[in-house]
Every structure is written in C-alpha cells, then in structure tokens.
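Presented sequentially are two complexes of chain A, the first with chain B as partner and the second with chain C.
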Partner chain A sequence: MEVESNLLIVVIDVNPAQKYVRSDSKQFFNCVDSVLTFCNAHLMLQASNKACVIASHINQSHILYPIEEREGVTLKPIRQVDGQYEVFLELEKSVRSQIKKFVMSDAFTSFDSTRSADSSGNFTTCLASALGKALCYINRKERELTAGEKLNSRILVVSGSSESTAQYMSFMNVFFSAQKLGVIIDACVLGPYATLLSQGADITGGIYLRPPHIPGLLQYLLWVFLPEASLRKQLALPPPVPVDYRAACFCHRQLIDMGYVCSVCLSSK
Partner chain B sequence: MGILQHFAECKSLVDYLKTLSNHVVDDLFGYPAACLAIFRELPKLAQNYVLRILYVEQAIPQAVISTWVSKAHVKEHSEAAEAISTLRVWKEVTMQGGLAGWMLDHKFRHNLKVALLGGGKQWTKSTNLDQDSKPRTVKDLDLYALERWEAMLHFLTEKQQKSDTVSKDTIMTLTHAGLMEQDENNAPSITNEGFQFLLLDTASQVWYFIVKYLETVEQRGLSTAECLAFLFSLSFATLGRDYGTEGFEDNMQQFMQHLREFGLIYQRTRKAGRFYPTRLALNLASRNNKISLDTEKHKTGFIVVETNYRLYAYTDSDLQLALVGMFTDFLFRFPNLVVGVITRDSIRQALRSGISAEQIISFLKMHAHYEMIKTAHINNPLPPTVVDQIRLWEMERNRLTFTDSVLYNQFLSHRDYEVVRDYAQETGVLLHGSDQKRTIVVKGSGHDDVKRFWKRHSKNSS
Partner chain C sequence: MTSSEDVLLQMPNVKYKKDDGTLYVMSERLAWIQGNRDVVTLSHKYADIKSQKISPEGKPKIQLQIVLHDNSTFTFHFVNPEGQQGQIGDRDQVKELLIQLLPKFRIKVNRELEEKNRLLMENPRLYQLYRDLVTERIVTADEFWASHAQQFLSSQKPVTYQEKGVSSGFLSGIKPETDGMNGIRYNLSTDVIESIFKTYPAVRRKHLECVPSQMTEQEFWTKFFQSHYFHRDRLPLLKDLFSDCAKTDDKEMRRELEKIKVVGSDVISILEDSERVDMSASEMADPVNPKDKDKVTAQGIYQNMIKRFNQHSIMILKACERNSAKEGESNSSSNSAQPSNSATDEQAMVNGSSSKKKKKRDKDKDNSSTSAAPVENGDSGASASLVQPLEPPEVKRAKIADKLAFEDLMSTETHSYAQLNLTRIDRYLNGPVPDHKTDVVSSDELQRASLSMREHVPRWEGRPRLLDSPNAVKIVGELQPGGALMKGSHPDSVALTLPKEVEQDIRSMYGSLCEVLRHFWSCFPTTTPALEEKAKNSYQTLKRFEQTKITQLKERLLRDHLDSSKLLSHVMSIIAAADGKYNQWLQRNNRR
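== the complex of A and B ==
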C-alpha cells in the first residue's frame, strides 16, 4: 500500500578555486561525469527514485536538474539519440549544458585575473546556501506527497574547496534542520579535511569520505554513497573518520580549541 | 483457486523470467531496456553488487564479494547472490588457483552500460519526428487507456456478450488465460478465475494479461524476446510523448496493433506513423507499481467502509458496482453513491464462487477512499474489526479437514483393540481411537503396515 521513494540531492561544487581543479582542470570534468553516472545509477535502482542536482558556486547556487517548467516557456523535449534511457539522458543533458554555462561565464574564467579578487576577495563556495536550497526542495517535495506516499531524502555534497568558517552559523543551522527533518547529509570531500562537513555528516548520520584517488571517484560513489540508509547497515563500509568538533569563534570566524560561551545567547568567543 | 497459483507464478518479473527458456532470456540480455528492467527487479543488495562490478571486466572471487557485507548479514548476502545467479546475470567461473569466482554476463554488462551511459541504437526512430499536429495530452491518454481496459473488463462481466466491443484477439487471450470459457452455446462466459481476476488491481491485471498474451505470440509468428523487449522499452518511455513507428517490421507493427487494442499504446490511425504509450504500459514490470487512472467519472479510491459494516461506494461505473456487488448487499442507490452492507451471507457467497478473503480485503484496501487513507493507519485504512470478521468468515469454512483413512472395528476383545491402537500410535498413523466403541481410525498410508502387524499378531497369539 505504502509507496516509498528515495530522493537524492547532489550538491556539486563548481568553484574553479578548488585545489584539484586548479592542478588539472580535466579532473573537474571527470568528476562531473562520475557524479552524473552516480545520479543515473540512483535513478536506475527503482522506478520511483528521484534525483536533483544543485551547483554551488562563488556567491550563488543553482538547481541544475530537474528543470522546472515555467508558464509560457515550453521546453523542447529531449529525444533519445542512442540506447540510453530517456530519463538518464535528460538529466545528463540539462546538467552538462548548465555547467557549460558556468564554465563559459565570467565568474569561472576571470578567476585567474586579479579583477575579481579585489572586488570581494571571497572565493569560497556557498555550500551552506546550496544545502539550504536542497532542504527547501526536500520540504516542498514532502508537501506535495499525497496520502500513502513516503519520501526518504538524503543529500550528498561533492566538494573540494576548503570551507570558510565564515559560514559556520549557516552550516550549523542547515545541519540541525536536516537532522530534524530526518535527512542524511553525506560528504565526499576531494580536498583537504573539511571540519564542518564532517561534523554535519556525523550529526545527520551520514558518511564522510575523502577518496584517496580522485580518478576512481565513481567507484567510491557507487560503493559508499549509493546504498540507502537501510542497506548501509548491512554493508562493510570504511570506518568513520574521527570528527573534529571544534566550534568557530563568533567574532573572528576561526576554529578554536577553547572558548567562552555566552550564557544568554550561547555564542562562543 | 487456479488463478492465485498462476498469478503467484508470474507475479513478479523474476518469477516470470524463470518460466522462460534459456535462449529467450539470453536474447533479452541483448536489449538495454530489458537489462534495465531485470536490474530493477534484483534485491537491493544484489543491485549494489552488480553496480560495483559493472566496470570490472574480469571474474571476482566469491570470497571477496562475501567480505562486502558485514558479518551479521551473511544470510542477506547469500540471498542476493542466489537472486543474481538464478537470473543468470552472473556466471560461476573457476579462477586461476581453483578459486570460485563470479563473472557478469558480458551481454548483460554491455547493455546495462548502454542503458546507463549511452551508446548503441535507439529503439524508435523518432529523432526526426515533426511536431504532432494534434498532440495528445496525458489526460486524453488516460481516458483512452481506461476506456479500452474497461471495455475488456466489461466484456468479461457482461451476461449477454456483444462481441463487437472487443476484438477476436482479446477474446482468444482471455480464453487462453482461463478467464473465460466456451459454454454450451459456444459463446464465451466468465469463469471463477475471471471473477478473481476482476478483483486484482489494474497493474496486476495488465501484467497477468500481457503474460498470458505473450504465451500466444509464438503461434502468431512473433518472437517472445522481441515482444518482451518492446514492452520493456515501452515501459521506460515518457508519458505524453509521441514516438515514431518507422523502422518497425511488419510483425512488430502487428504486435503494436494488439497493444493498441488493449489500450497500452495510443495511435490515432493505423498508419499514423507515431504512437503514444499510455499509463497502462509504463513501469509494466515494476513490482510495486500502482496505476491510478483517475478521471472525473472514475476514481480509483471510491470506497468507504465503516466499523458497522456499512460500505459507501462513490461511483456510478457499472463495472465497479458489479465488482463491489460480488461481496456486498446493496441497500440504496443514488446518482453518484451506492450504500451497501457487508454481511456474513454476502461474504460467504463470494467465498463460494472461489474468491478468497484476502482478495476481498486487498480490493477494499486498494480502492479505499482518500479520506480513509488520510485518517487511518497508512498500511491499513480499513477498520480492523471488518477485516478480522471477513477473515473469520473465511475460516469458518475451513473447519473440516479431510484425510484418507481406514476404520477398524468389531474387535473381539478389549486386549486386541489395545494392541492395535498402541501399535498405530507408535508408528504415528493413529487418527482416532474410541475405548468404548472399540474403533480405531488410521491414516490410509499406514493401513498396510497395521494390517500386516495384526496378521502377525493374531498368528502368534493363536
């Protein structure tokens, strides 16, 4: 009677400042390919599975898939060109074309020049806002359910940027609301150890993983992140990494070992 | 109870595939859509295994795969491995050094990759299809599918068959499936199985019907694998989109005409050059598939059952009323509502015609009104008292069990009686023994043994 479906939201970091992208830009496209195949593999598991891809960039984040139908705009249907299943093709095409837009746009190419650096000096990815968007999306989908339907949602973050502690508050808000909603946040980190994401994964019951080998990303995604929560219990997965639970100082936005907590507003100094 | 068994046999795609011969399954692996459908039917753990070794082009030792699950779940592991093996998705091979290993079927591996990543050929030539001058909306298609499917169900229920509503092929399939039989006037009439068929949900009906239809396609000169692959491709198509018929050979065109008749695809005319899949065809093979053909006139959830055994059916469809009427006594009828009551007699009447309590309950559950689903527990929208009572009424009929047995009586002495009774008890064939009447009942299977014992015993004592 009950119809269960799984919603997977992938937040992909398209910031060109990521270390692995800077060292070899081909790796970035390899990574996008892996994520797309991973999304399609998720859709392949069950007919009722849903996927959503969100790109997180410097100071902005966009939903790349599904493309919402707006009034007045009729989308040209994507026709099958080869043996690939139509839904997979649609996901791949829409994500690819929009990532292309990002790459061609100013924000991506002008990174190396000094022009954008002076305007804000901010190269960090808006991961927290992308996660917030993901949670809003989940919330909307939950509301659209009719009686007798159940939606299990989770979020996977694929990112290689070193996170800024400036977003500490928004991150924590996102993690705790995700925990309240019962949404799992997984983190697949392609750069240095990400303190906040590992905390988030720990809080929401997700997995934090740093694949040692980026070209083999797809295999890690399929192995560790594809199984849903109930199946994960049965699998032998890599042991969890110890979590660094340091908080960020409110005034200087730096991680601190020891701090003072205000008894009224609970902010740490 | 024929249909229940038949139905259980081909309920899921996996069970159906098991009934097919090896070469048909092998042919199926040649189609990406079929591979995708088969993959979706695997248990979750098995899916995980297949995906992990999708890119490994060599055999994997079994011992390695068994380390992928934690120790506490060995049972699930063997189940998953078993499921993959029975569908022949992987083969057991012996690796160097005598290790037992598994290797994915190369055809399956290739075509699953095609479905996932692209490559190969598309299944319809619709890339260059121009815009349909009169495009069909999803609503139109739903209406059409419902109309076709109901026409067939109506044909099943009608007393006086007017065979102009459905085609000869449909009747042939219905007769082949045992849902109808020829009566003395040589006119088809519904069987007990047919009644049970009517109570199934639409998705199961379509699947059962198609399975039975596929059994007959070989006679029509079509290949089972090709038809199945077409159905799978169709089931992965997008609702409300048109596909070109160009490039299909004559026999497949004929197959499409049949599907059109059943309401699985829509074609404006035979030579339209394009077709639309309908909701009946989508996710055909999926196990927990629910088809809801909601139109204004015909709602899927229309039944309200109360704890006082009253049943309210918000419908004016004759077919739905006929179905509800199989186990309900109607009290009143209004333009859009029928009020009935579920009684012991009405349920027993349904039971007598071969319908099981489980079927009645699942029918009620399936068609439970939206308001009932909302207020009650999600998996059981019906009042528990009514469900229990329907089950009890069924159990009432099963109070007697029949066993082949032999009666021994007229023992000359109580001693003889005791000896035989004790012997029968020891060998475990005693069903009943009465000291007062000196009668013993033993199972039919133990009769020879007891008889021999008695002969030996009487010889020895005399």
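== the complex of A and C ==
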C-alpha cells in the first residue's frame, strides 16, 4: 500500500525591518506562535505528515525545525509535559529556542549596511535563498523515500518584507524549479503587495493572500493554507489575485506593455 | 408483387435447402419458388445482396451462394439433369446476369447514406446538431444536409482514394504449395495479379496480347512462373514467351535513366560502368566460351538484383505519375479491373473463388534449365555503352558530387561571437520589478526594532491567546463567500455545482442554438428574395428550437436546480436579439 505524507515547509521572515514588526515587536512573536499552531494543526491531520520551519533573515536563513542531527551530539528525547503530543512539543520547543537564540545573537543586530543592504539601501530578507533551502530539503526528503512512499510537499512563505529586485533572478529560478518539482508555494504576505511572491504563487499553483488583520493570522492560516492542494479545488477559497506579469524595462524600471528582448543578454527594453 | 417485374431469366432445376424449385432472376430481385407452388419462397432485392459466390471448379456440386448485407447467406444448388456441364452452364448464366445486375443496385443512395453516417460519426458536434435539429423535427433531414452540413459534405467530396501501392513482398507472398506430385501449385488472387501487372508492365502487355486469343489464363500464368523472366535473378535464361519482356524492361529502364540524365546527373554512365566491368570481367575470364559467363555471374546475379531493385523503384514512381491517367487504361487492359471501385469489388468477389488458379511447374524442368546454355546476359544495353566515350569512374563520381553539393550551402569556417559587455551587471541581474522606495528602513530604525524584539524575548513564554472571538468572527466574515477577501470568487457558482450531464446538455444546446442563429443572421441584409425566404425559414426554425429545446431545459433547470434560471439568461438575450431583429425587419418589409 502506498503511504502518502504531506510535507509542509514554512518560511518565516524574521527580519526586524518588516513593518508590522517595527510597529509592535510583540506581533512578531504572535505570528511565530500562530505559525507553530498552524504547523501543529498540519501534523495533527495525519500521523505521517511532516513539517519544517525555516527562518529567513537579511543575509542568512536557518532551518529551525527539524533540528539538524550532528554526529556526536545526542538530542535529548523530549518527554511529555502536561499531556501534549511529543511531536508538537518538540516542534514548539525547538523553534522557540532557536528563534530566541537567533534574536539574542550578535548576527541578528549587526547591520553592516555595505554588506547586507541591497543596492538601493534596503534591508531585505533573502527569501529566495530560504526558498532554495526549502527546495533542497524537499529534494533530500524525496530521495530518502523508500518504495511505496509518496511525499507531497508545499511551501508557505510568511513574510512582511518589501521585496528586493536584486533577488529577482534567484526568485524566478526558485519558482520555476518548484514548478518543475511540483511543489506549491503559498504566500501569506503581511506587508505591502509582493509582486514576486504573487507571481511565484501563480506559477506554482499556490495561493497568495494578504490578510487584512495580522492579529488574526492563525485563522487565515488555518482557513486558507491548511488544506492540501488536492482538497483546495473543493473549497471556496479566496480567488487568485490577477497577477501582473508585465515586464519592466531594464534601464528605467518602468512597466511596459510591449517589450523588446535583446537576443544576446535577454534584457528587455 | 412480382408480376410487375420482368423476369429476366428463369432457371429450373435449382435446389434450395434440398427442395427443388425454380430460380427467377428478375429486374429488381432474385427469387426462388419451390416446386410448382405459386408462392415466392425466397425473394431478395438486389440492393440487399452484397455479393455472390460460386463453388470452385472441380467440386461435384455446382452451387451459387448469395451473401446479403447482414451477412446471411443463401446457397442454391444447380441440378440440371443434363449433367455437370449443363449445371455449370446454368450457373454461369445466372452468375453473368447477376454480375451485370448487382452493381446497378449497389445504389448511389446507399453510398450517400453511408457517407452521411460516417460524417456524423466522425463529427460529434455535427452529430449533436443533427440530433437536436433533425430528431426533434426542427428541421428536416434534407434541409439539415443542405444547409447546416454543407461544408462537411462539400469538403469531403474532392477526396479521391489513393491507389494502393504494391507490397514489396507480394511475390514471396504467393506461397507455392507442393501438391505431392512433383509439381508446385500457385494460388493467385486478383490482388496478386494486379501487383504483378503493376510491377511488370511488360507482362501486362503480354497478357493482353496472348490471353484471350493464344492461350488460356491458366496457361499464361503457368508460363509466367516457369519463365526465366520471373526467375532471372536465380537462373539465367531460357528462350520463351517472356524473353522479350526482359528486353522491353531494359529499354524502359534505359529510357527512364535517359530522362534522369536530362535532369542532370549522369547515373546512366555509372550503370554502364558497372555493366562494362561485369562484361570485361567475364570476358577476361573466358572470352571464348560464352558458357562460362554464367559462372562469373555470381556477381552478375547481384548486379541483376540491384538493377531490378532500381527498376522496381522506377516502376513505383511511375505508378504514382500515371495514377490519374490510369483509370481508363486499366479499364480496357485487364479483365479484372473494372471502371468503378464497386464493380471491381463485385468482380473480385466473383473471381475470388474461381481465380485460385493452379499453377504447376515441373521441378525437373527447372533443374534442367540450370545447365542449359545461356544465350544472352540480359545486358542489352551493354552495346550502347561502347558508344560512350570512356571516362574513368573517379571523374564521373566527381561530376556527380559536383551536381549534388552546393557551395553556398557549405559552412564558412569563420565563427565570430559577440562579446557581451555589461557595464553594470546588477542591472542585468536585478529584476524588472520597480523598487518599492516606499518602505525604506534606515539602519538606525532597524537597530531599534531588533533591540525591541530582543527585549521581548524573555517575555515570550507560555501559550498566549492567539485569537479572540471578535477577530475570529470578523475574519470569518472576510473569508465567507461575499466577504472582503472573496470578491469576485464565484460569480457563477451555480454553474460549478451543476451535475455533469446538465452541463453537457446546456453546452450542446448552446452549440445547436449558435448554429441556428448563425443561419438566421447570415440572411441579413436580405438582398434577394431567396435570402428573405431563408430568413423566414430560419426564424421559424429558431422559434421551434426555442419552444422545444430551450423551454424544456429551462423547466428542468427550474425543477432540479432552483437558482439556475440565471444560467440561461445569456441564451434568452441572444434569442431576444434575434427576435428584435426579425420583428424590425418584418415591419420594414410590411411598410414597403
């Protein structure tokens, strides 16, 4: 019999430059808790379901869960506390402790503007690299499958950063690789309209959503993003936002209706 | 019922199912009356009869079988007391008459119907239209074919069937069977004979010349299989009926090659070249004794074979060329090819059983011919080659290469690549998304934010309440159909919930309606009386369609799916548009 499991990878943007974080840092932790609850809900749906959480910062991204197994380091088996399912507890504990550790670390607050800011002086999250990491993780998990197992993977991006055009190429590469792998990229955007992420969701067949009330993030997540791809057809979910695929002129960054592509460098004018 | 028809032939002494009776070949039907009764026991219209078959020669019972279109068969046994000869005579009389009669009744109507049927099967949309319009009696079948399916019918007409080619293995397909008596038996079907004729036109000519007058069909084929012409790849030569065929073939080939020569390349000289090598080789081996030539022709055989392949190819090409002209020619030339396809079928059917001719061939004869001294090598063109000035083969090859290669198609060896110099690489890498300058964060601000996050960390304990009920209710409102986030989500949600078959019905109804409307609108402006007439007709058709199909569908939708009248709103609006147009036109017409 075929064992089917669903792998959910959540990419959380931990960049303090996000607007909602700047306005109230408590909101950030609320969002992380929402994501954790959401992951637990996902794990609860089916015993074979898997989850993975990746944090993405200005110039780095880390896998928060599952914790990397290093040789020589034996992880303490997590014991049940007040009757909570061990997997939930493990997920919650490891993500929380890692985020805490990360926020307290020096790397978190060192903003070397020459190194980490992009050309326009923006401190943007390197979401593309986090997505790339997620795809690599999915790829590894696919390889580890034994015969008769099937893994459905999808990625959810929870981010409020304004996006950087510097990552455009990387984003597109990630989106098209995901499309090729059959991985859905959902985007839950907590900031301004994210053109690239909406394109990515459209390319990979995911959902792009900008929740109007960030405090109620958990409900949006559970409502919109929890059902797996095959179920979504049956549900009345928010309709896809029309995606603007118009290209922008490379020299003036203006959106154009009709572009001319240079056959040598493939830039459009 | 039979009295109105002419009896063309009355054949007594015919048994059907062991009962004696009389077979009547009438102008429209074949009938059999048992004994002396005056009731017609069996009666079949010729139109119902697919084919007739006769018992093979040599069988003690002389029978004739007719096969109907439903594949039921009726066998008549001829029992003329005059003996077998008389029986065969009787049978042949009937057969000949049937051969004449049947094709006439393989009626056009039948063909057309079949054609239409096929069209309907091949075009599901047309079929749907047919079902909607004709079976619902909105238009008559004739009208349907005349107007709605015109383009299908007309587009089908110019299709002519491509003539079947000759299977390359047809000769090996004739499996000789030994009959145990030191002889070999060939079974030839009309197909095979056709193929032989196509491959060897010379044989066809020979056949035309000889068969009716000088020898029987059977003798001819026996001779053919014995002939060196057929066996010349294997053994050389016996003077016989077909020897001149080989010569004409060679001439033919030479002529073809001459044609090619006109076109440009010098293939013929290559051919001669190889022939000459062959010749000289054999001459060198023994210029005196012509017998030895055959020994050398081990190589010669291969060459012959290659020559024949070439000839075969030429014949195929020529067959394509003459396809169009062929019809008339084949008509007169062969006894088995008849003017129309249907007639050929018929004949083939008749011949089917009788044309399995027995060909016998003595194996001894075969063997003896091996030792028989050859006279000519079949290279009748060899003498011609001597006239040509001698050229070394290399020169010729170079000539051919010259003809085949074109300088301007050669690649020039110089490759130049344009170097891509980017002055600012990030411009190339940076995407075409306009930068959002709106949300620029200074590093100070960032620092502050991160520090406040850090401050908050110790307080991040336990499980806070993530969602309170007012928020939850608000969000439910947003995510419900009609909510802020669901705008434009399901404008036609009813359509999505419809069962498949209803959807299918609506779809097909749309197709048919559009077709009807298309005809209606194509009448305007009505410049001729015919168009006016058509406009009226098609409007009536439209009304009938509306009354039957659409009302039906509407009622059904109302009954089964309460809210779905909306689905048909567009349909109603396009019908209303047609209504408006028609009324306007009528008014204007009346005023005039």
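Assume the second predicted complex is superposed on the first by the 235 of 269 C-alpha atoms of A that agree within 3 Å, B and C clash if a C-alpha of one lies under 4 Å from a C-alpha of the other, contacts with A are read in each partner's own complex, and residues count from 1 in each chain.
Keep in mind that, in the parts below, contacts are C-beta pairs under 8 Å (C-beta built on N, C-alpha and C of every residue); 3 or more make two chains touch, one makes a residue touch a chain.
From a predicted model like this one, the values you see are computed outputs, not experimental measurements.
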item: Partner chain(s) touched by A:Tyr137 [first = chain B, second = chain C, both, neither]; value: neither
item: Partner chain in contact with A:Phe175 - chain B first, chain C second, else both or neither; value: neither
item: Chain B versus chain C as contact partner of A:Lys26, first or second or both or neither; value: second
item: Chain B versus chain C as contact partner of A:Ser162, first or second or both or neither; value: second
item: First (chain B), second (chain C), both or neither touched by A:Leu235; value: first
item: Which superposed partner A:Thr37 touches (first chain B, second chain C, both, neither); value: both
item: Touching partner for A:Gln219 - first (chain B), second (chain C), both, neither; value: both
item: Residues of chain A touched, compared between chain B and chain C (which is higher); value: C
item: Residues of chain A that lie at the interface with chain B and also at the interface with chain C; value: 37, 218-219, 223, 236
item: Touch list for chain A against partner chain B, complex; value: 1-3, 37, 40-41, 44-48, 77, 79-89, 92, 146-148, 218-219, 222-223, 226-228, 231, 233-236
item: Chain B - residues contacting chain A, complex; value: 32-33, 36, 39-40, 44-45, 47-48, 51-52, 54-55, 67-70, 73, 76, 111, 114-124, 126-127, 129, 236-238, 241, 283, 286, 288-290, 365, 370, 373-374, 378-381
item: Partner chain A, residues of chain C touching it in the complex; value: 418, 420, 422, 426-441, 443, 445-447, 449-457, 460, 463-464, 466-467, 471-472, 474-476, 478-479, 481, 484-490, 493
item: Parts of chain A lying in touch with chain C, wherever the complex brings them together; value: 16-17, 19, 21-22, 25-26, 28-30, 33-34, 37, 96, 100, 103-104, 108-109, 111, 113, 117, 119-123, 162-169, 171-172, 191-192, 195-196, 209, 211-213, 215-220, 223-224, 236-239, 247-251, 253-255, 264-265, 267-268
